[in-house]
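A, B, C, D and E label the chains in the order they appear, each numbered from 1.
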């Protein structure tokens, strides 16, 4: 019998702890706060699959997130599907958009690709702004259902759902990182021509990674309408979503799957703590200073810092 | 000492709506100090507990759960603006709290919550009532206008206002010759104004936010837009800094407003309030006169405070009941709520800029520059028509 | 006026790795000195140490430029270059996204070189006509050998007094190897250039070298005071002449 | 309803707008296009420039363009200082430019909030004699509010173009991101070159900010609206190329203006950025990329 | 000529207005050792870029083992058995020397590699090339010459049927050149055909069974080594006698 890896043990522990948390903790605030952290975590993990592993920077993360949210809104309105199905649908549609973005990598490298994703985000935003079925620029209201399975409240259910999604995302990212596929992605990041000539099917691998990234971001966005109950394009295509998706992996470290996880937990919880404890414009200032400090002190991310420390000790 | 009564809310102190949000906060702090000076509510001092939502809807659910679960506030009021009010609704509704709300346009049409009370005087059918006056004025003129152009920013309020305008225009039998929206991040408005001019409309209705309001007015002047009535739903023309900058370009524009220093609108307490506001606003980078939002931010707390005093309780059921049936006397005049929580009668003013001089801020402190044309009840002068021919 | 280079007991390396273990050598005024050694012996590292790219942990590096002596240890590469010492680095280090012409003009950034742009440019174009033909092509898209020529030409554009060349013949066709070597000799004649050259192509190097050193594992293993002594050395024969 | 005068006006308005976009993007064409530093905060610097213009204009009534020019040296110093920090944290340790992204995001927030703390969030405007006036040639209107920025932008672009193409420092700026060591071997200190270039890029923000506030009201976070446009213009122009950047800016301005006039302004961003995507699809390294 | 493994016909490649290759024809029989020489800029690297798929040719066809591969993407050519080294080294910089070899082993040679023993196979290749001591070193820190060796090692790890070595010996001393030639000869004995691009004539003469010469994008000679270097055109264009 093969040994169960520590990763899966910790994943199970996290999920069990999450469940216990919903049972024990009454204070709903924690569920909403952690929900946002987990949302950031999934976005960061997703961004890192393309940005960190494959070396293609996506500036349009917010668009995937928003399309995920709007897929959920549209299908909720049209068919009244249950949330899990909405999430699957959002994953499918954003995965498809990711696939499309993947084809951009055929010709566009480096910053050209990054700006293309930014352009794509603006084009998508304009479409949704003008799509009146989902409210257009006026925004859409989502009335959350009263049912919340066996949980005490709807936000507890959303929290648990997000926790499961986050664990799955991290598992996928980790699997990618250490597989043959992941090494192929790293080769692409280092030198695409050399990778091709070494037999790496670069296009297919890039398509796989953009699709996974897109789908994952869509998954992060799908429950969002039920979380805020009112979504308009301005808040869905949100600069902060895009900033966090990039900053969290950078701060955590991009080369290893744990990087975005650490970055998201650190930055996300700092943001939540600062938001409610320093109730003024100072909170954005602190977020700004934090970004600058973290990234200046550990330019390779926290993982990079730790690795360097270990290397020094070994030497 | 007595335990304070805590009133919790979220407010935009950074981000797009922060200009108004910070003004509102100043007004609310003035109310708190006023009340506490008089001995508080129910003999308890009042404390405001608030967080910056950074104009991000995603922050709002967390803020209200925190207010309720951790800070254990006794009362809540809303943030400023539709986008930031709506995300709080499910949480408030689940706890069945009274929810005085500050300038949300038609939020309750979706939620139908019977403890929601909107302080903005838009009226029972907010989206339509908003521009009723603008079109009523137009149709009184001679010769009667026949065509209208509607242009609005791609954002929540402007689009809703434009939708109302469309309805009013249709009811008035006007032909809509131009009906387009533009993204709020537009830099230059002259092409838009020119395209409007090309359709030769008698009336131009604009639904816009501060930066685009300025852009539109400037472009209309530069292009020499020829139309008979211009304005309607432009946010921003109520703010002193923008008024000062636009100066004479404003003359003739007819636009909505909620309060102006005209003799017909001298409600009790409003002068004192504005004096305190002017003092408090100094150096805070907010509107120096605060005619637009601050009186209402003061008033929605006044209503809440009066209800608490009258019912002698913090029981939300009792408060809601009282608020539904009572007419309140506030710095913005008499306030009576209708069934859906909106004002029972609309009091959206249509005011016309008149006689504005260049580069002069003080002129807007007093009467004579913004003449109230509508509703008749509050009228302070007659329309100058047409706007530009 | 005299230009020379002297290196005494230099130790240097990368981090924990020690590469040069006390090297001493001298290049006298107007000389061309060949530096020989197997792959990884430390030739490039020595040149980097002279240029200030790697900092020696011990030893002395000094250059006499126009009769004035300068201590090179502790100087930044740009300061060394500014004195009039140029390096043709291994791996060419061109500006791939600048054109051939722009690369050459970059070479003339040094103040002392600006006055001689036309003269030096003409010399480079005469030596490597392909550079003149392709002056508008991006350096990065040139063929390997063309890039090597450009790297050499760019160093000449800095109008140096002392020229260090790390393997000038790498990637060059025999016809160009011969021509390059000839032109280095001409540079020396025309400008009285002092040259230190790492070169694997022994037969070519020896044509213009006045003397040579062999480095093995970071030590000077052999010092040849003349061409003959070099040609007759056993180690060199084994290493370079395939005997 | 495409009439000749509407079309002519739309194209002219587009040109003027495009000129202003060039002023917004030119600093990035240096910092991002040539130094490879992803300075997301550039629009925030432009807002800082706009506030400088506002403050001096409202206090002393100085012309905003003049303020922009006078403030440029100060911005240059600020830029040089920021580059020092950036260098110390990232480049010295050999980090690729990407990690700087989070740094500049942070910087953007800091600039925004400091402006908010000091000057509040109210919309700010400037006063100048020519604002609101326009010049009519035939049936074409040239509002000075757009014409002045256009003229200044053209002058700025031309100046920087010549500087980069004709001087040794200019060429060094183009080369520095490609190979630092190689630049050292040319006898040039790459850090000083980068610091200089970064300062230069930020200095243009002082002028662009003055132009921005001539055109319309400014509040601390409006800079965000220009992030996409500015980067798109630089990339469309082919990264480092100044002339390419200028043409790309004009194209973007004209496309937006035409859509605003004839199609419905709501679609302007989709069309403008759609054009960008299409151009990249056909020419993967921009219009004038190397 | 029945066992021609690679055939290039009528191949042309232009860069903008510049013609880098014009109507080049070349063939390689299985197990052959071909030396490819020519002055700088004559198109040798461009030719093998076209053969390996790193560039697509404008005209002409490339046939490998009887199948037309002209439009095949590079990775498929690598899987069919064409491996090349890069003249200007392109190591995977974030990886160690050993990890660099895993890529071709896991991708190009996946069907031929023994999956469980990728590391052993990689070590074996490194040992052959003489990079064993550097296995754990970050590939970005190698000297130029070691990088060239790594290029060769990575090509070997793809377990090719045709190996193209683009100036792998540049910068090596005479003795080291001999070592590399031995390695290539050894490889050739196992049936791998080798195209060797090199400017070191001693190596070309020692290694090649046949030599082809390019000049200004055209093939000017093709035949046994002795007669090729005796060819006056070759002497004028390449050897400079």
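Note that in this section a residue touches a chain if its C-beta (ideal position, glycine included) is under 8 Å from a C-beta of that chain, and two chains touch if they have at least 3 such contacts.
Since the structure is predicted, the reported quantities are computational estimates derived from the model, not experimental observations.
Counted as hops between touching chains, the shortest connection from chain B to chain D is 1.
Any chain bridging chain A and chain D, meaning touching each of them, is among B; the list is complete.
Chain centres were defined as the mean of their Cα atoms; on that basis the chain farthest from chain D turns out to be E.
One simple way to say how far apart two chains are is to compare their mean CA positions; for chain A and chain C this gives 52 Å.
A straight line joining the Cα centres of chain B and chain C is 76 Å long. Per-chain CA centroids place chain C at a distance of 43 Å from chain D.
Separation between the centroids of chain D and chain E, computed from CA atoms only, is 47 Å. Of all residues in chain C, none touches two or more other chains. In chain A, the residues touching two or more other chains are 126, 129-130, 281, 284.
Those residues of chain D in touch with two or more other chains are numbered 112-113, 116, 266, 269. The chain pairs satisfying the stated touch condition come to A-B, A-D, A-E, B-D, C-D, C-E.
If you check the complex, the residues on chain B that touch chain D are 14-16, 18-19, 21-22, 154, 180-183, 185-188, 190-192, 194-195, 198-199, 210-211, 214-215, 218-219, 221-224, 236, 239, 241-242, 245, 249, 284-287, 359. Chain A meets chain D in the complex at residues 57, 104, 107-109, 111-112, 115-116, 118-120, 122-123, 125-127, 129-130, 239, 243, 246-247, 250-251, 281-282, 284-285, 287-297, 299-301. Those residues of chain D lying in contact with chain B across their complex are 1, 3, 6, 9-10, 13-14, 16-17, 20-21, 112-113, 116, 118-127, 131-134, 141, 143, 145-146, 215-217, 219, 221-222, 225, 256-258, 260-262, 264-266, 268-269. The touching residues of chain C, counted against chain D in their complex, run 51, 53, 76-78, 81-82, 86-87, 89, 93-98, 102, 105-110, 114, 138, 154-155, 158. Of all residues in chain A, only 180, 183-184, 186-187, 189-191, 193-203, 255 touch chain E in the complex they form.
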